[in-house]
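Just below sit the structures, each encoded as structure tokens.
The two complexes that follow have subunit A in common; it is paired with subunit B in the first and with subunit C in the second.
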Partner chain A sequence: MLVFIFRRLLVALSVAITVSIVSFMLLHLSGDLAISIAGPESTAEQVEQIRIDFGLDKPMVYQYFDWLWSAVQLDFGRSYYFQDTVMSLISDRLPVTLTLGGLALGLATVIAIPLGVIAAIKQDTWIDRLALTIAVIGQAMPSFWFGLTLIVVFAVNLHWLPAGGNETWQHFVLPAIALGYYAMPAMMRLTRTGMLEVLNSDYIRTARSKGLNESSVIFKHALRNAVIPVVALAAVELGFMLGGSVVIESVFSLKGLGQLAWDAITRNDYPVVQAVVLIIAVFYILLTFLADVINAMLDPRLRVR
Partner chain B sequence: MSDSTSTVSTAPSANTFLPVVPEWRRMMNRFLGHRGLLMGSIILGLIVVLAILAPWLAPHDPYLQNISQRMIPPVWHEKGSWEHIFGTDKLGRDYLSRLLYGARISLTIGLSAALISGLIGTTLGVLAGYFGGRVDAVISYIITTRLAMPVVLVALAMSALVGGSLQMVIILLGLLLWDRFAVVARSTTQQLRDAEFIASAKVLGASTTYILVRELLPNILSALIVVMTLEMAHAILLEATLSFLGLGVQPPMPSWGLMISEGKAYMFFKTWVIAIPGIALMVLVLAINLVGDGLRDMNAPEGRN
Partner chain C sequence: MKRILDVKNLQVSLPTPNGDLRAVRGIDLHVNKGEMLCIVGESGCGKSMTSMALMGLLPKRAEVTADAMQFDGMDLLSLSKKERNQVRGMRMSMIFQEPMTSLNPSYTLGNQLCEGIIKHKKVSKDEAKKRAVYLLECAGVPYPEKRLDQYPHQLSGGLRQRVMIAMALMCEPDLIIADEPTTALDVTIQAQILRLIRELQQEFGTAVIFITHDLGVVARIADRVAVMYAGQVVETASAQDLFSDPQHPYTKGLLNCIPVPGKTLPGSHLESIPGVVPSLIGELKGCAFENRCSVSIGECCYRSPSLENHLGSEDHQVRCSIATASSFREAV
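Then we have the complex of A and B:
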């Protein structure tokens, strides 16, 4: 088990470094950063001055290692636009995004797993079809549009919940629903398929023929096995949600990491963009790593790979 | 295609049991028997026809502004008129005409981005699956790295640097969405690598390129087409998201995401300005997903869900 964890950790670390190289290169190759920072009305001398001030005149490899060396010490430099260090901007905003992501994932799980189990038990009945319809619609709806619709219905027309901001817990309800509905269908479908597969397996037939009651068969024997892939998916979904929160945060004016990234992108504030991309990638890598470990604990067969 | 198909169709006809029924006929029956596939194909076909015929069907010029005709509600509204069936936007442009031309943008982006990413992902996946060993290790690592990069953020950051346009969005999404193609191509290739028809092609002295392109590819094509539909839907939703955030297709083009973004300021009192393009997006993505799910069921009838 320890060897397994160590090997996975090594891969995770090297993936994180690769992501940082790729995102660094993407930003630097997409255009001349000095010109973007200086703005359209600047003179050639001003652009040159900025190039020197921000160290953009040095070779890219040098710039990268310079950046990486600071990043390892959790120093991402200063923001070009906000009068603050990138690190303090991020630590201000991260809790909001993590709260949103956690709530959305919790909501998605609480709905997806029971719905998937019921759909599998009642396969091909109207309940099954209803569950699939809910999933199919969730997959087709653009999350920003669903968010706007929630605002129109629950904030503007019914006055139940606030439309935007992040002062109280009520402010997180609508964004969490919008983001959670986006993650729910995949988990629901996976639970359902997993349950169907497990329920048709030999050991469940054995359990039934032993005379175990149905709820014990379903919850003790079937669900435990069917839920293994869902755990991995949930971790991956949380990673996607942190990355996708930029859209939901902009719709609901939540001051989280996504909004910070968007502000930074529209203002050519590259140190911030670079740092946010890396942090979200690291979260994703950590989550998939955790999912691997949890899976290996739940299912010993996976450890030998 | 497997031959034991008859039990899975929702409405099996007696004909499917008879061995004399030709293959295309059996496929046809299965197609018609799958309600989701049939419905999805009809809706998608309709949208494609509407998009192609947009110049002849659109009642007005989608770019023509008319200040005296601003924000006219749709025809079902008491103040609506048949002159503008879906009303007009804040610049007095006919909403129905913009919607029809917008379908062209969504379909073009979905199809082109999926083709580019399909080319990249399939190449990587087939190479990894066929050669295995080191090639597989390297390509699997590339896939893992790609999965760790937050798509929405990277796409936003790059299009901010390069400048949003239809072509840019297509290229960006094409370069970002190849992961699922690679994963599926890799695993299906692994399954077929040791098949007899591949071995006999080798014995006959066929070149590796010939084996991969002429022998292997046709046999994994059906799985790839399913991925293609999923990625088309994915690309269409992402384009709408980018355009909604102002970093995708630029005004005055009638992208549905952009229409929602432009209508956002009016949505509280004139709900239809965001409802109409949002529902259009949802119906299109829903239809594509239904076709994809249906095709998957036809490929692997046992795992229908």
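Then we have the complex of A and C:
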């Protein structure tokens, strides 16, 4: 198991390095940074001055290692647009996004897995159909529209919860529901399919032949094997929510990482874009690593690879 | 001899889009204490369905009826779900055909061996482990202590089947149903597993229903044999009587299909039974074997024969109008 974790860590590290090179290169290949920073009305001398000030005259490899060395120390430089360091911008925004993503994923998991299990056990009954209907609605409904509906019902009409902002835990309830409902259907369907497959397997028949209780057959013998692909999916979904929740963040005026990335991209704020891309990528890698470790704990056959 | 299992008129049907598939059509079976009963038949004759019905492992949509299904004086069909769970696993257990997939990949062998006995007999974990090690040793598994912490994927198919056999013996059951336990294994391993099952059955005095399509296997291990065809028992006899004096044309046909060393000459034609098993959807008219039978007469097309005593003996029964008629003449 330790060897497995060590090997997975090495893989994760090499992926992280690749991502850092790509994110560094992407910006430098999108045009002359000195000219875009200086703006259209600047003179050639000003552009040259900016090139020297920002270290853009040095060789690319040197620039990369310089940037990486600072990045490892969590120093991403200063934002071109916001009057602040990139790190303080991110440390303001990241907790908001992490809270939202974590809550949404927690909510989605808590609903998706039991619902998927019940739908599989009661296959082709009204319970199964109801679960599938709930899933299809979640997949078909645009999340911004569902978010707005939640605001209209629970904030505007009923006054139960705030409509926007991120000051208290109550501010996170509606966006977490909107984002969670978006993430839930895929997990629920995967749980259902996995359970159906596992419940038909020979080792479940063996478990039944031992005269075990139905609950022990389902939760001990079936769910553990059925949930493995769901763990991998959950990791990808959480990664997606960290980077891609910009829609929900705008609807609920949450000052999260998604909004920051959007603002930075529209304003050519390269240090911020680079840092956000790198941080989201690192989270993705960490989540995938975590999912691999959880799955290896669930299924011993995965430990040898 | 005391009967551990007594089944009368067992029927199993499964709904399909083309009508009910009547896989088992009125089977009478009994197993004496400590006896090895072999059920023989070709694929699709209902032998696995019968074993699953006895264990109560058929899917809910399958309809199981019987005039009687007595297990050691209990009526299995009228037990509650909880009582049935108690009987299954503790007093009767099963060995399956597919050793590669019949163990849960996620749990150690020790966990899977011990969970049944811990639930049914309320023994401690240590006692359960002790018994598991003892039975693994009996089943010929090398390094039994080490195996408890291993996972199924670390064992070969033959070893996994030995583990399944040890698992079936954990609660000291009165009856073990073995459904083609050697079919998926190499020939050399097959012989070892067969010998093992026979030895353990005699050592522990457990009754075994051994399901197979291989008459060679039957000859080596059976006390009694039931030959199945199209969801019915067509002949039942002691192993000795069946091989020396087969009565049903199907049994004779099966015996002819086996090459006999010394008698079957190299290069000579090996017998087979022409035709295929009839569809088991809906009613069958007349004798189910009529279309493949070499001695059938006009009567066989419309008269369904019943299981009759051969030469007046309850120990040898046959379901064939012609065999019964000639047996009657001999008796007179």
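Keep in mind that, in the parts below, the second predicted complex is superposed on the first by the 273 of 305 C-alpha atoms of A that agree within 3 Å, B and C clash if a C-alpha of one lies under 4 Å from a C-alpha of the other, contacts with A are read in each partner's own complex, and residues count from 1 in each chain.
Keep in mind that, in the parts below, a contact is a pair of C-beta atoms (placed from the backbone, for glycine too) under 8 Å apart; a residue touches a chain by one contact, two chains touch by 3 or more.
In this text the structure is predicted, and so the values were computed from the model without any measurement.
Chemist: Overlaying the two complexes on subunit A, which is it for subunit B and subunit C: clash or fit?
Modeler: fit
Chemist: For A:152, decide between first (touching subunit B), second (touching subunit C), both and neither.
Modeler: first
Chemist: Once the structures are superposed on A, label A:275 by its partner contacts, choosing first (subunit B), second (subunit C), both or neither.
Modeler: So A:275 meets neither subunit B nor subunit C here.
Chemist: Touching A:247, do we find subunit B (first), subunit C (second), both, or neither?
Modeler: first
Chemist: Should A:90 be classified as contacting the first partner (subunit B), the second (subunit C), both, or neither?
Modeler: In the superposed model, A:90 contacts neither subunit B nor subunit C.
Chemist: Once the structures are superposed on A, label A:261 by its partner contacts, choosing first (subunit B), second (subunit C), both or neither.
Modeler: first
Chemist: Among the partners subunit B and subunit C, which is in contact with a greater number of residues of subunit A?
Modeler: Comparing subunit B with subunit C, the partner touching more subunit A residues is B.
Chemist: Name the contact category of A:209: first (subunit B only), second (subunit C only), both, or neither.
Modeler: A:209 contacts subunit C only, not subunit B.
Chemist: Between subunit B and subunit C, report the minimum C-alpha distance in the superposition, expressed in whole angstrom.
Modeler: 7
Chemist: Mind listing the subunit A positions that touch subunit B in their complex?
Modeler: 11, 15-16, 18-19, 22-23, 26-27, 30-31, 36, 132, 136-137, 139-145, 148-149, 151-152, 156, 189, 192-193, 196, 239-240, 242-244, 246-247, 250, 261-262, 265-266, 268, 273, 276-277, 280-281, 284-285, 288
Chemist: Considering the complex alone, what residue numbers of subunit B touch subunit A?
Modeler: 141, 144-145, 147-154, 156-158, 160-162, 233, 237, 240-241, 244-247, 257, 260, 264, 267-268, 271, 274-275, 278, 281-283, 285-286, 289-290, 293, 303, 305
Chemist: Applying the document's contact rule, which stretches of subunit C touch subunit A when the two form their complex?
Modeler: 55, 57, 84-90, 93-94, 96, 98, 101-107, 115-116, 119-120, 151, 153, 164, 167
Chemist: Within their complex, state which residues of subunit A touch subunit C.
Modeler: Per the stated touch rule, the residues are 201-203, 205-213, 216, 220-221, 224-225, 298-301.
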